[in-house]
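Have a look at these structures, which come just after this line.
In what comes next, subunit A is part of two complexes: it sits with subunit B in the first one and with subunit C in the second one.
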Partner chain A sequence: MEQQPIAVSVVRKAGAGVYTEITVVEAPASASAGSLVQVRVSIKNKTASTIGIMVGGALEYGASPWPTISFPNNWANFPAGQSYYFDGTFTMPAYAVVIHAYSYYYGADSAWHFDDERTKSVGLGVSEPNFSNLSVVYSLV
Partner chain B sequence: MVETTELKEKKDWLVPTAVVLGGAGIAAGLYFYMKKPPGVDVGDVIRAHFKFDYSGEGGSYRLLVRFGWYQPWYMPTGFDQEEGMDRYTKEVNLQGPDSYEFDLDCVIPTGVKASTYDAEGSILSLGMEPGKDWIERVFAKNVFTVRKD
Partner chain C sequence: MIENIFIGKQSSARRETGGTKVVDGTMITINFGDTVKATCKFDYSGPSGYFTFALQIGTWTGPLGPFTQKITWQTKNISISPGTNKTQVITFVVTQVSGLNPGDIYDMNWEIGTGDRETSGWQLIERLITDDVIKIADEASVFSNLSVSYQPA
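The block that comes next holds the complex of A and B.
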């Protein structure tokens, strides 16, 4: 990862996914209250040059302000046309939530600009049955 | 006074060095030969043997195998499935907490390109979308090589 984000030279109106596209928001379909939920947000650089892209996320439930999703590494300089993903976590509340993911690009005015968004629902469920020690061995029959 | 020096037998290191290096070369060659993935043709069957522990109360789940390339940094889900490859699934019914083993046979379809493939083996609940959601999954590198198109 570069030390400084690379800026987009022309800052355009936000919200349309002009420079970035959130392609996938990965999260379990349901999670039990109090469990740590893993989120992965994949973003694509739609431009023809390397730009700085940042991820953000919030949990929609109850009254705003909504709690944010923690992304330990929340930005990167993306080469033209390439996708990258950011991993984040949140603790499942006692409600079903909607993950609202946001992407931002770094502008020539040295500010992050909101660009695209995508949502995914996570239902409140009982604890996912525990699977462990999964191994898969392949052989030619 | 006369100084004396103890005489030592001169050792020839060439032969033992050659033996050691030769042995290491043979071992390395054998290692890479053994690691080479098996070559397969269209119609051959790759058997995926699943083994896992389960601590739930029972239910139906889906086992999934996909062949392609494990690329954790550039693919949204960490795995890029080869387009010509099928998705191999098997529905299993788990009775309760236990260790389980299942076989899932995967027939190499026609039209796949000659290449060496990685594999993804995963467990899904029945409502999950194959390749996108999973409960548990593991990857294996260089599982087999399709010899020719």
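The block that comes next holds the complex of A and C.
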């Protein structure tokens, strides 16, 4: 990954995946409240040149503003036509959520521009009781 | 005297010669009337709830069971919340009226679940299998042919 994002030469009004396309949002179908949920967002550079692409994400379930998804590495320079994925996490609330994943491209105006969006639902799972690391010590009383 | 005998961690690699007592774990020797304190250590994740800890002594009749139960002790409605390195102390008394005899050696089967271990409502959650056995001491005191007669004072 290069230190600076490479800009798209012409900034166009986007929002429908003009330069990028979110191809897949991977997440479990359900998760229990309080658990750490892993999210992987795959994005494709649709242009004929290398550009800087950034990922973002938010959770829709009734909270306002929408809580964000944490992506430790949230941008990269993509070669023309190449795809790349970003891994993120969030803590599952006590509600089913809709993940909103966003892609942005880096413009010649040195700003990130929103370009594409894709959603995925994660249901609220019921966690099962689980005992582990069992051992027993005996003594007389 | 039993002094902090470590019974071992959960394992399923035992009972290769089901039906035969192979004492390759720890043998606990007790006498009738002894009160044994069992300290269970575990990690728990999941919803908080009430659980039953049950100890059966008996015989594993094959490498994977079944377990022929001789006697069961259980402590019900233990409140447990998620956490690690949790401890639960359970005591049980070994008495002659349990149908045990001096010199008997039994396997032990710890189970954690919900409900009553001795009814159809039992729901097993976790089982602790070890190579350890419990032995009724050869010299354990036994009273037999007991009878009582009464007469007016």
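Just so we're on the same page, the second predicted complex is superposed on the first by the 126 of 141 C-alpha atoms of A that agree within 3 Å, B and C clash if a C-alpha of one lies under 4 Å from a C-alpha of the other, contacts with A are read in each partner's own complex, and residues count from 1 in each chain.
Basically, contacts are C-beta pairs under 8 Å (C-beta built on N, C-alpha and C of every residue); 3 or more make two chains touch, one makes a residue touch a chain.
Given the structure is predicted, the values throughout are model-derived calculations rather than measurements.
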{"item": "Of subunit B and subunit C, the chain that contacts the larger number of subunit A residues", "value": "B"}
{"item": "Touching partner for A:D109 - first (subunit B), second (subunit C), both, neither", "value": "neither"}
{"item": "Partner chain in contact with A:A29 - subunit B first, subunit C second, else both or neither", "value": "first"}
{"item": "First, second, both or neither for A:S135, with subunit B first and subunit C second", "value": "both"}
{"item": "Subunit B versus subunit C as contact partner of A:S83, first or second or both or neither", "value": "first"}
{"item": "Subunit C-contacting residues of subunit A that also contact subunit B", "value": "128-141"}
{"item": "Touching residues (chain side subunit B, partner subunit A) in the complex", "value": "38, 40, 44-57, 59, 65, 73-77, 105, 119, 121, 123, 125, 127-128, 132-133, 135-138, 140, 143-144"}
{"item": "Residues of subunit A touching subunit C in the complex", "value": "126-141"}
{"item": "Residues of subunit C that touch subunit A when the two form their complex", "value": "1-10, 28, 30, 34-47, 49, 51, 84, 91, 110, 112, 125-126, 128, 130"}
{"item": "Interfacial residue positions of subunit A with respect to subunit B in the complex", "value": "23-24, 26, 28-29, 40, 42, 82-85, 128-141"}
